[in-house]
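See the structures that follow.
Look at the two complexes coming up: chain A is in both, with chain B in one and chain C in the other.
Our next item is the complex of A and B:
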């Protein structure tokens, strides 16, 4: 689940597990008692977190998997339907379409997040004064401090076709007003914009930290050898921060595939089904239509898609990510 | 003692090359600054628009061109979100939910992180791997059974329905474990020899040393749960139990068509705790984000 850490001062060094003083001591009854006591202590310590995770994550995954083979509306008892729910997904236009919508949104969001975040981080890394860096870091971080719900609300007003400030400036520049939230393409573009606007500070901060951690001597050596800005970026900086880029892609895609708040608040999945994401379909299926079994099946497919995508990224990373 | 000697021509070409690249670099840096300023305007613009519109008279809230600096700010919208809507209630609910979750996660994750780092017990590696694996699970996959479980426990439509499922955290456990792993074992061993119990070693020696990691965990948990929308939307029905994000969306539904200034006042108010926290602990926010990346 975790990428090996690049050598870095702050990274906790892996230390071998504390070893027991010596093997012969272990066999005495007193030592055995103390080992048992230590084990009991360990289980006691993980007890609270473990119980919560068992009850509210691991249990529910298994339950969700089990439920996906049943038809259940909460009121009447569950009825076993085998693989029917999964078969239904394939012929359910709404679900298939929502997967396409989610894929388009997620890939655009991640690509823009990483590209813009990296670009801005490289520019900020160029600034010499610490105060300049601090100002930009704060400004780009600010959107992360608002909840997605809050952001979706004020963006809905700003992108309003008739009264919104975005179209006001567009017409001022000689363009015409765009039906941002009331046309299919406009709604997709708006949601991508809002998601990227809010989260680009995340990738930005990641990349700024990674660039600041680059070894100075390597950069200086490259400069003396006559490497221009482009070559030092492509040959030195990018390979050295590739683990961070990879991390941003994995986390970004996992988050973007679960996009819900923006679509729910700004467009209600519309117009039509233009921005109905897979998470919205799960919400509608389970909590509005009370099809708990079918909803579980769709959520299992989303889970499988996330695992497959992450696995694919890890496979690709073997070629593209450089670990020093 | 032989100093490296350069022949004059080589020196000249070197400096010429240097000055040319210095010029292009200066131009590059100037262009870079312009791009950064433009990007900062895009990042900050919507927030500024929200703030200034929340300070306009409701009747003028949708009037273009927008006023970027209200010379006569009108704070009546801020009074209205409390008098005409129960924003205070939403706020209090959010404080209760987020506060209890953050407090609970600091306790449970410090305990479990310590155990995974410092205590030997059978199955430790496998259980930790299982913890980590749960970090991949999307909330949508567990929400249906959790919803059923919550209703069976009689907790539907309560703040407890949001708090209880969130008291443990695999990521928090991971974060705390990484921190405890850096600590020397010798301190605890010495204390044990002196007769301290295992829990005393943890509570009196190691836990106090882990406060920076607890602060990072607190920030992460706070930002995550303060903004949470999906679970409240599904678990809460009565308006008096709504947390801020859900309350704001409801507010938008009632006020959204006319005087949006009132809604935007609520939006700004909802951001204040995060902004204050960010001002106090900027570095911890950055650490929180990067904590996951350098595993």
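Our next item is the complex of A and C:
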């Protein structure tokens, strides 16, 4: 029960300190030491996590931000160039183009990840036996555990135009070999396919959990009221799991915008620059062309773009996401 | 005595101090400790190869200095550009080896950026000891290791872009084996004939700087960059190569000038590759070091492919019996000029053990060091005297002498164009080549490459 509001114009009475059940215990020196030790341990644990985040996440971000105002080739000392690196980005066609490539790949991947993940989750949700559900959950989640580099390497062989197993079966079926990795469209489709194949397990598991948590009474009421499977999905299930869909979109987009391994290993960004993502440009700029300052500036722009996109998603979520 | 109560603020303060200490300690542990007793070599390859090399070099190094420990750290990569990118990142992180394996691709990058130490004084001082080496090594290889008049590496091995072929597939296609003076037209006709055999690639190639369509570019008397020679170098030619006609006219290393990537010769060469693909003679190429291409060749599914001495051991190790593959000079187009790449070990400018490093580098030029460095016949020895029939007896190919005679038969043969901005050149070349193959428009792709190279050249001044 909340305390009564103080009368207008009067000094509020000091809120009584609630009596805690262990107050008597706290008074003993041993209990005090125990509590201090417990608190120290807790803060120690938080401190470790904080140190890791500081060292491996916040530190590099800050260092990268600082470096973006310098010209640095690793070998000679850094030279302060102010905003020159940022000014150069707008006129760098390579960067602008790679942002476009990244956007196309990322939105395709997220859309497919969410759609396929939801579809598979709905199918599994209909299974009655818990063991069947567990098998499907494991099977669909397994690719996510594999190393992206390893997956990309074997997919490169599978989609090889000359001796890949995909073209082998296509030709057996009477089709002709497709230049999966050596044509613009083929390379984009293949990379999206591989990224979705590997990561769809993540959205799938999220949706399975969300569907399992739907209130039974609401679903039963919908059934009694004569809602069919499609109407039930569109009017009941989707609105109820919309926070999960939103979460999957946010996380998926952040990950997809940083796509690197698949494109780097499977196509080296080609053919031409058809699959050169912004992270590849950052890698080439910093680590191959030794323009670490400029590479950092591009990273910062990507960071800002991700924040803006996430902010936009949150804004849209106010209209589209239903929090019960 | 009971401890005073620990306030939240004090705890946070203590935590902050602890955090700072932890950060300092972690950062300090990240920085590699300077070890005055370790001689570090950065090796391009896998760690097992590095360990094998260390095992075989340890004793000679200990003989030079018993207090020194030899460390050889491997850096893997699909091609030299990947190796250099990783190496430079390691150097940036404070890990500075004393000796680094460097190929033509990285000579100017390392020398031009002040990373590699010139060897001029050491070579001059120990010339008597090295004369046997210089007598045995083509001046073309040595010149490729010079930059701005100074020598930065002693070449240990090299690979010229020759043409491997399958005598089996030539026979199946009813063709005569290629002659030393065969032409690009002969190559094209052979490709068309072999393309009729199902499930094979008459010609296979990869997208990279060495031995890609660049081999056709060289044979077409073209290049990606304007060729020139830096002044200087006479200190070496006059002393080590006095009276050697092959050294006449050489300078202080290759000086790569303005990009000419969209020259008529370049467009014609790349259009030729597009034509090969359209006619089913060659497939769309992979980007990288050519391992897949080599595997396909070993499986008997490739008729012809550009390769150097390094393919001999590779094909043999892959199970190819002698007689199932052979090699010939690259076919003549406007000329029969080949390209080549050479490699050796460079001393880093930052090394505080340069004298010892030099002794090791010098030791690696001794004839008995070659098979220690390159077990399994996987490259061409820079020393002519090591290219013998006995070396190729087990592995083949039958015409092994093609490897060693390319430089003398075709003196206009030149190193791959690897300027100080090699990494940017390599990336741009790969991208624009795959673009040309995908779109079929060589001219547009090479116009783009020209702009890329001009931008890269401008960025390094």
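Assume the second predicted complex is superposed on the first by the 274 of 324 C-alpha atoms of A that agree within 3 Å, B and C clash if a C-alpha of one lies under 4 Å from a C-alpha of the other, contacts with A are read in each partner's own complex, and residues count from 1 in each chain.
As a convention for this text, contacts are C-beta pairs under 8 Å (C-beta built on N, C-alpha and C of every residue); 3 or more make two chains touch, one makes a residue touch a chain.
Computed from a predicted structure; not experimentally measured.
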Quick check on the superposed pair: does A:256 touch chain B, chain C, both, or neither? Answer first, second, both or neither. neither
So, A:287: does it touch chain B (first), chain C (second), both, or neither? both
Going by the contact rule set out at the top, does A:105 touch chain B (first), chain C (second), both, or neither? neither
With the two complexes superposed on chain A, say which partner A:51 touches: chain B (first), chain C (second), both, or neither. both
Is A:75 in contact with chain B, with chain C, with both, or with neither (first, second, both, neither)? second
Between chain C and chain B, which one touches more residues of chain A when both complexes sit on the common chain A? B
Please work out whether A:39 is in contact with chain B alone, chain C alone, both, or neither, and reply first, second, both or neither. both
Touching A:144 in the superposition: chain B (first), chain C (second), both, neither? first
Identify the partner contact of A:163: answer first if only chain B is touched, second if only chain C is, both if each is, neither if none is. both
Show which residues of chain A both chain B and chain C reach, each in its own complex. 39-40, 43, 47, 50-51, 55, 59, 74, 160, 163, 287, 292
For the complex, give me every residue of chain A touching chain B. 1-6, 8, 10-15, 17-18, 35, 37-43, 45-53, 55-61, 63-64, 67, 74, 116, 120, 123-124, 126-127, 136-151, 153-158, 160, 163, 165, 168, 197, 200-202, 205-206, 209-210, 226, 228-229, 243-244, 247-248, 251, 254, 257-258, 260-261, 264-265, 278-279, 282-283, 286-287, 292, 295-296, 299-300, 302-303, 306-307, 310
Residue set of chain B touching chain A in the complex reads 17, 21, 25, 28-29, 32-33, 35-36, 39-40, 42-44, 46-47, 49-50, 53, 62, 64-66, 107-109, 111-112, 114-116, 118-122, 124, 127, 130-149, 164-170, 172-173, 178-179, 181-182, 185, 198-199, 202, 223, 226-230, 233-234, 244-246, 248-249, 252, 260, 263-264, 267, 270-271, 274-275, 278, 282, 285-286, 289-290, 292-295
Within their complex, chain A touches chain C through residues 29, 32-33, 36, 39-40, 43-44, 47, 50-51, 54-55, 59, 73-75, 160-163, 179, 182-184, 267-274, 276, 284, 287-292
List of chain C residues in touch with chain A within their complex: 2-3, 5-6, 8, 11-12, 15, 18-19, 22-23, 26-27, 81, 85-86, 88-89, 91-92, 113-115, 201, 283-285, 287-288, 292, 296, 301, 421, 423-424, 426-427, 430-432, 434-435, 437-439, 445, 456, 459
